[in-house]
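Chain IDs A, B and C follow the sequence of writing; residue 1 opens each chain.
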Amino acid sequence: MSGAINAGIKINKTLVALIVAGYAVVPFALGANNYIMSMIVAALVIGGVALSWALLGNLGGMVSFGHSAFFGVGAYVSALVTVKLGVPVLLALPLGGVGAVLASIVMMPVLRLRGPYFALAILAYAHIFRILATEWSSVTGGSGGVSGIPGFPTVFGFDFGTKMGAYLIALTLVLVFAFAYARIRASYYGIALRAMHDSEDATRVVGVNSTVLKAAMLMVSAFMAGVFGALNAHYINFLEPDYAFNALWVTLPVVAAIFGGYRTISGPVIGALVVYMADQLVFKALMPTGHQLVLGVLLVMMIVFSPSGLMPLLKKWTARHA
Amino acid sequence: MLELENVSVRFGGLTAVNDVSLKIGSHDVIGLVGSNGAGKTTLFNAISGLVRPSTGRIRFDGRDILRAPMYLRARLGIGRTFQVPQPMHELTVRENLLVAQRFGTGRVDHKKIDDILAFTSLADKANRHAATELALTELKALEVAKALATDPQLLLLDEVLAGLETSGKRRFMGMLRELHTRFGVGIVMIEHDIETITALCPRVAVLNFGQLIADGTPDAVFRDPAVIKSYTGADHADT
Amino acid sequence: MTELILQALYSGLLQGGSYALIALGLALVFGTMKVINLAHGELVLLAAYVAYAVESGLGLGSGFGPIFAIPIALVVVCIAAVSVYFVVSRIKIDREINSLILTYGIGVILTNLILLVWHADVRSTNSTWLQEAFVVGPFYSMRSELIFFGVSVALMGALWWWLARSWYGRAVRAVSSNRDAAELMGIDPGRTELVSFIVAGVLAAFAGVALFSYGVIQPAYGGALTVKAFIITVLAGVGSIPGVLLGAVLLGVAEALTVTLASSALQELAGMTLFLLVLFVMPNGLFGAARRRG
């Protein structure tokens, strides 16, 4: 009985070990290698977006192909408030998230659409935000983009503007969001959300305001993706519409989430690390242009052969042969 | 407690509920009868918020709930079961009740949940998954339990006994008999069996083609020529 | 000013023909398989690039290049469509969600294949004959626009007849409205789904060649096409070919007006605005029956 509502996290030894390794081991072991560190940071960003995508799917019951919109809006809002309004970077990150939430509010009318229609509507929104960013040049700098975006500041003597700094911030954000995801999932809201997938009317008849709950999940998902977009903007210090709203910010997180097992919380993040590394180290080497092709093939094969992800399949396989 | 005033529900050319006016008090246990297609379930749908009446007013505890969404009506105190059970499939029995209670009343009271589980004979099935591990009798019991968990003032029971075999029926009738006294809730129940209705309900309302044609004690209602005609098409009963 | 607007209406009307073909293909497959093929726009784009390949293969200035490309485009796109069908039909669980992700992945594959083979440059036809101005009354259009509008209307008429009169067409309608009942009556739903994919492929092929003949194409355009087709289905509501044509024309006109009165960069916004308007004001679409609740 007490298991139903608790912190919602299985605090087991593996998890603790991983977290310790993340903060204590990785920086010292790999910190000097800029190349690897930059890949890990990028992978964590993808992982964060993948996590937000999986949250929307699992809790909200909505499959979205438009998370690039939240990512891009978050990036632009954060970049612009720092560049044009002088807002401190660490404050700008959550502001980017808020910007993404506002973008999601614009998407609310499509919440009532059924699965495929919702997915397409979100896809349409993603296109539109990209066009807005390109055309609204007075605000966004148009297709030239925004340059000179400030990096992370020095806090308590530690310069977060380095790759190491970005890594630590990204890692922390991933953990914070994963924790939040787990809390929501374990709460009564999480149970109601689970029920809403198949039996939305049944939940409404007992007092669940299902529309508000779904909207809330969209906003949470948007916030997460927006914050990571913002982080990325201050990490690479430059933004342009085709980059910020690129379809890659949809494809990579989706592939990552499905690869790692999108029904779990750790799956999308670990999936991101694996898939992104593979993409950068292997696919890009094989096919400099159109390396996304391999991602597409991977996605297709995963859905056909193992929709719950390749990692869960791997776990089952190793368990059987152990 | 609940006042229906000239409520009509039209679907395109079809008038499912036609100008129904009805007052239901918190001490009422009312049977709602009528042949198939008479509009009984539609009336329930209008009261619980699944459909919006085309004309008329609905007042609950004095406030106009015509535009209130379904979930709000549940929180205000209107509970409802479906003829074909609609549990929250992905959850266990207990989780069904927890969600209903948490969102229908705003609080969680585990003792009350256990009470309801015992009352509906679901205590030993509390951890079974609603979608896959329950028989029809249990699903129907869950429907009632779920509605009770929202702490309703008015309970709308839509053919709770339909499809049950004799022993299940007997058990449910015992449960229905106690519902009003045990939980202090007003009840409107749709059933087809006249004996059941007569045994359980001191008041009966009859719908025919969407119209309310009788409202009174079972004795009076079932002797009403209009009612008899609606059932048999003849002018007087043979029994 | 009025001439500009009237000209925009005319251009939008002609453009609507091809848009309607794209939307119909999407709707057909959704009707039988209850699956939205997110790669549909890419199939259309594939046909457009085939037309480009044929034209450049035949040499510059070749007047009829794209026209000759039609049979080849038909073959290529139908093979692609059938392949998509076979992959999609392999999904058994959670079909709605998984097929979305799957066709999205296929779209990514197709887009990047096109990128690999034909590179990122923007392309359009070199055929002077097709691009030649053709005047009807006070209205100007490219010859290709007019030709392909006629082709689109003819195809839609043929589709209408096919759905109403032919056995396979009736099967498609039956499976679309009630799959189990259709199966009980002896219709093979699998084969019917395959047929709907092929027909969608045919429509897409013509639309793609048309697109190449009077417009510009680039590899990233596939997604935008799928979105346009989707917007048209929302405009049209469920279940009517005339509705789709009208919705497509409406979109074409809205885009043309935006280009004329505002700027060509805002063209995509026109469709989006229409889409949001309809969603808010007329959730059942302009011409359709009751839409499913979300």
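Everything below uses one rule, namely that contacts are C-beta pairs under 8 Å (C-beta built on N, C-alpha and C of every residue); 3 or more make two chains touch, one makes a residue touch a chain.
All values reported here derive from a predicted model rather than from experimental measurement.
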item: Contact clusters after notional removal of subunit C; value: one piece
item: Per-chain CA centroid nearest to the all-protein CA mean; value: A
item: Farthest chain relative to subunit A (centres taken as mean CA coordinates); value: B
item: Chain pair with more C-beta contacts, A-B versus A-C; value: A-C
item: Euclidean distance of C-alpha centroids - subunit B vs subunit C, Å; value: 49
item: Interchain centroid distance [CA atoms averaged], subunit A/subunit C, Å; value: 32
item: Averaged-CA centre spacing for the pair subunit B and subunit A, given as whole angstrom; value: 45
item: Sites on subunit B touched by subunit A in the complex; value: 48, 50, 69-72, 74-75, 79-80, 82, 86-91, 94-96, 98-100, 102-105, 108, 110, 131, 146-147, 149-150
item: Sites on subunit A touched by subunit B in the complex; value: 1, 4, 188, 191-192, 194-195, 197-199, 201-210
item: Subunit A-facing residues of subunit C, complex; value: 30, 35-36, 38, 87, 90-91, 93-94, 96-98, 100-102, 104-109, 111-113, 115-116, 119, 220, 223-224, 226-227, 230-231, 234, 263, 265-266, 268-269, 271-272, 275-276, 279-280, 283, 292-294
item: Residues on subunit A engaged by subunit C in the complex (per definition of touch); value: 57, 63, 65, 109-121, 123-125, 127-128, 131-132, 134-135, 247, 251, 254, 258, 287, 289-293, 295-300, 303-304, 307
